[in-house]
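One chain, chain A, appears in both complexes that follow, with chain B as partner in the first and chain C in the second.
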Partner chain A sequence: MHSFGYRANALLTFAVTILALMCAMASVSDNFNTPTPSAQVQVLNINWFQKQPNGNDEVSMTMNISADLQSLFTWNTKQVFVFLAAEYETPKNSLNQISLWDGIIPSKEHAKFWIHTSNKYRFIDQGSNLRGKEYNLTMHWHVMPKTGKMFADKIVMPGYRLPQEYR
Partner chain B sequence: MDWQGQKITEQLMQLIIVAFAVIAFATGYLMASFQMMILIYAGGVVLTTLVTVPNWPFFNHHPLKWLDPSELEKHPKPQPSPNVSSKKKSVKK
Partner chain C sequence: MIVTSALIIWKALMCITGSESPVVVVLSESMEPGFKRGDILFLHMNRDPIRAGEIVVFNVDGREIPIVHRVIMVHDRKDTGEVDVLTKGDKNDVDDRLLYVHGQLWLQRHHVMGRAVGFLPYVGWVTIIMTEKPIIKYILISALGLLVITSKD
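Presenting the complex of A and B:
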């Protein structure tokens, strides 16, 4: 009947079950958080704007990226992955989405930031549609939890336009 | 550990672990610290292990009481009934 080993096994099994339940509840508690993030991007300069030999347009630009994503962090948040994408419409694709910059925010203290940078990834169109093109800059984020469900959302910042002529 | 001790052990184990889980979750939530929740819960599991897994003396307060030998005389062992039956065997020449 009951022995040392049996009692230890019963205890650890029960303990792990309760731990799983606690983790599930921690994940559910994230739903009670109402984040109020803010973001702002200024395009300071179009460094160069060329048509590639293969016919695609390519842009390099300098930006000020500032954001306050501190409200995304809860006790269950491990890190936040954030990226800035240019989004626009062309005859070929109704949604073109090009990541210009991304970063991993490891803690709440780093979640309020101001960055002056050129685009980390190349802004290349599938075609030659960028002259005079109006586009959105959209900041996306994925909140990565310690345990449970991942949340994702974005802020759309419209009203950006590329120049009419190549530089 | 006797029967009563085992029952007490099981109930005590569940009670302590659930209590520590509630305390750990509440503390972790209020302090906004997932790590604190895990540490408190781990402490609770260790404490529960030390209290309920070994065969402590206080789990042996209700030993089984075997019947006194004198009971044997009041209820004698039933004797098997004699059953003598013999069959004839025919011997063939």
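Presenting the complex of A and C:
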């Protein structure tokens, strides 16, 4: 009952239990945060808009992306993965989500940003449906904590439209 | 008793999360800095549609080890309800088409084993060490077996 082995076992079990409790409490504390992020995107230019040889439309565009995601950060936050997606409907697909740009925000100081960029990933439709197409730009974020449960949310920005003609 | 308890816990976790593999260990660096080698991911699989930004665990035909990457493109079919998904590791420069079966451009729902909902850092190192250094695994199992046999309880 009082051998070294039993005492070591009890101590280790207690330590691991306390550690697990601390991780759980750290994760739960994130629920008390009420974030109020904001984001804005301007499409400055359509650089390239063509139909590929295989029949799919492809677009390249230049955008100003600005956002303030500082309120997403708590003491348990390791990073925030943020990305901008174009979302639209076509006759064949009820939802198309195409990531145009993404970034990793490592700290609160970097969470208020303004960037000028062309789309990082190719904006390619599954088909030839993009001429004159209205679409949403949606800023998504994915909060990755130091430990525990991950959160995700988004801001939908409607009202963008692609040109009627290829260029 | 110990083995049975572990098995029951695992099966219960499978039921609760709806995934055949409720916990996975991160083995590579493709999702750094978010996930590092040795992190443990908790998975969940339900009928919710797969959406861009989610971190999914998927199987590629012909590969034994599932891959944990992030969804960057989704096409949701109207007629069939099928979904075409493209993934990418956060740290990688290119998408995952090179990892898929040759000629395959998209993942479908049946490739996806679960999506990540939470994680714990460092806990998975035990698994990695045992996988990469089998001698340590055998020593550990022998020691535990000996302990059980010689226990006076």
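The working rule: the second predicted complex is superposed on the first by the 160 of 167 C-alpha atoms of A that agree within 3 Å, B and C clash if a C-alpha of one lies under 4 Å from a C-alpha of the other, contacts with A are read in each partner's own complex, and residues count from 1 in each chain.
As a working rule, a contact is a pair of C-beta atoms (placed from the backbone, for glycine too) under 8 Å apart; a residue touches a chain by one contact, two chains touch by 3 or more.
Fair warning: this is a prediction, and the values are worked out from it, not measured in the lab.
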Superposed partners chain B and chain C on chain A - clash or fit: fit
Partner chain(s) touched by A:Asn76 [first = chain B, second = chain C, both, neither]: first
Superposition-derived angle with apex at the Cα centre of chain A and sides reaching chain B and chain C, degrees in steps of 10: 50
Which superposed partner A:Leu44 touches (first chain B, second chain C, both, neither): neither
Partner chain in contact with A:Ala24 - chain B first, chain C second, else both or neither: neither
Touched partner set for A:Asn96, first chain B, second chain C, both or neither: second
Contacts of A:Lys146 with chain B and chain C, given as first, second, both or neither: both
Partner chain(s) touched by A:Ala10 [first = chain B, second = chain C, both, neither]: first
Winner by number of chain A residues touched, once chain B and chain C are compared: C
Least C-alpha distance (whole Å) that remains between chain C and chain B when both complexes are overlaid: 13
On chain A, positions contacted by chain B and by chain C: 146-147
Chain C residues within the chain A interface of the complex: 33-34, 49, 51-55, 70, 72-79, 84, 90, 95, 116-121
Partner chain A, residues of chain B touching it in the complex: 1, 6, 9-10, 13-14, 17-18, 21, 24-25, 28-29, 31-34, 37, 41, 45, 48-49, 52-55
Touch list for chain A against partner chain C, complex: 23, 27, 78-79, 81, 83, 85, 91-99, 102, 104, 106, 121, 126, 140, 142, 144, 146-150, 152, 154
Footprint of chain B on chain A - complex, ascending: 1-2, 4, 7-8, 10-12, 14-15, 18-19, 21-22, 25-26, 29, 74-76, 146-147
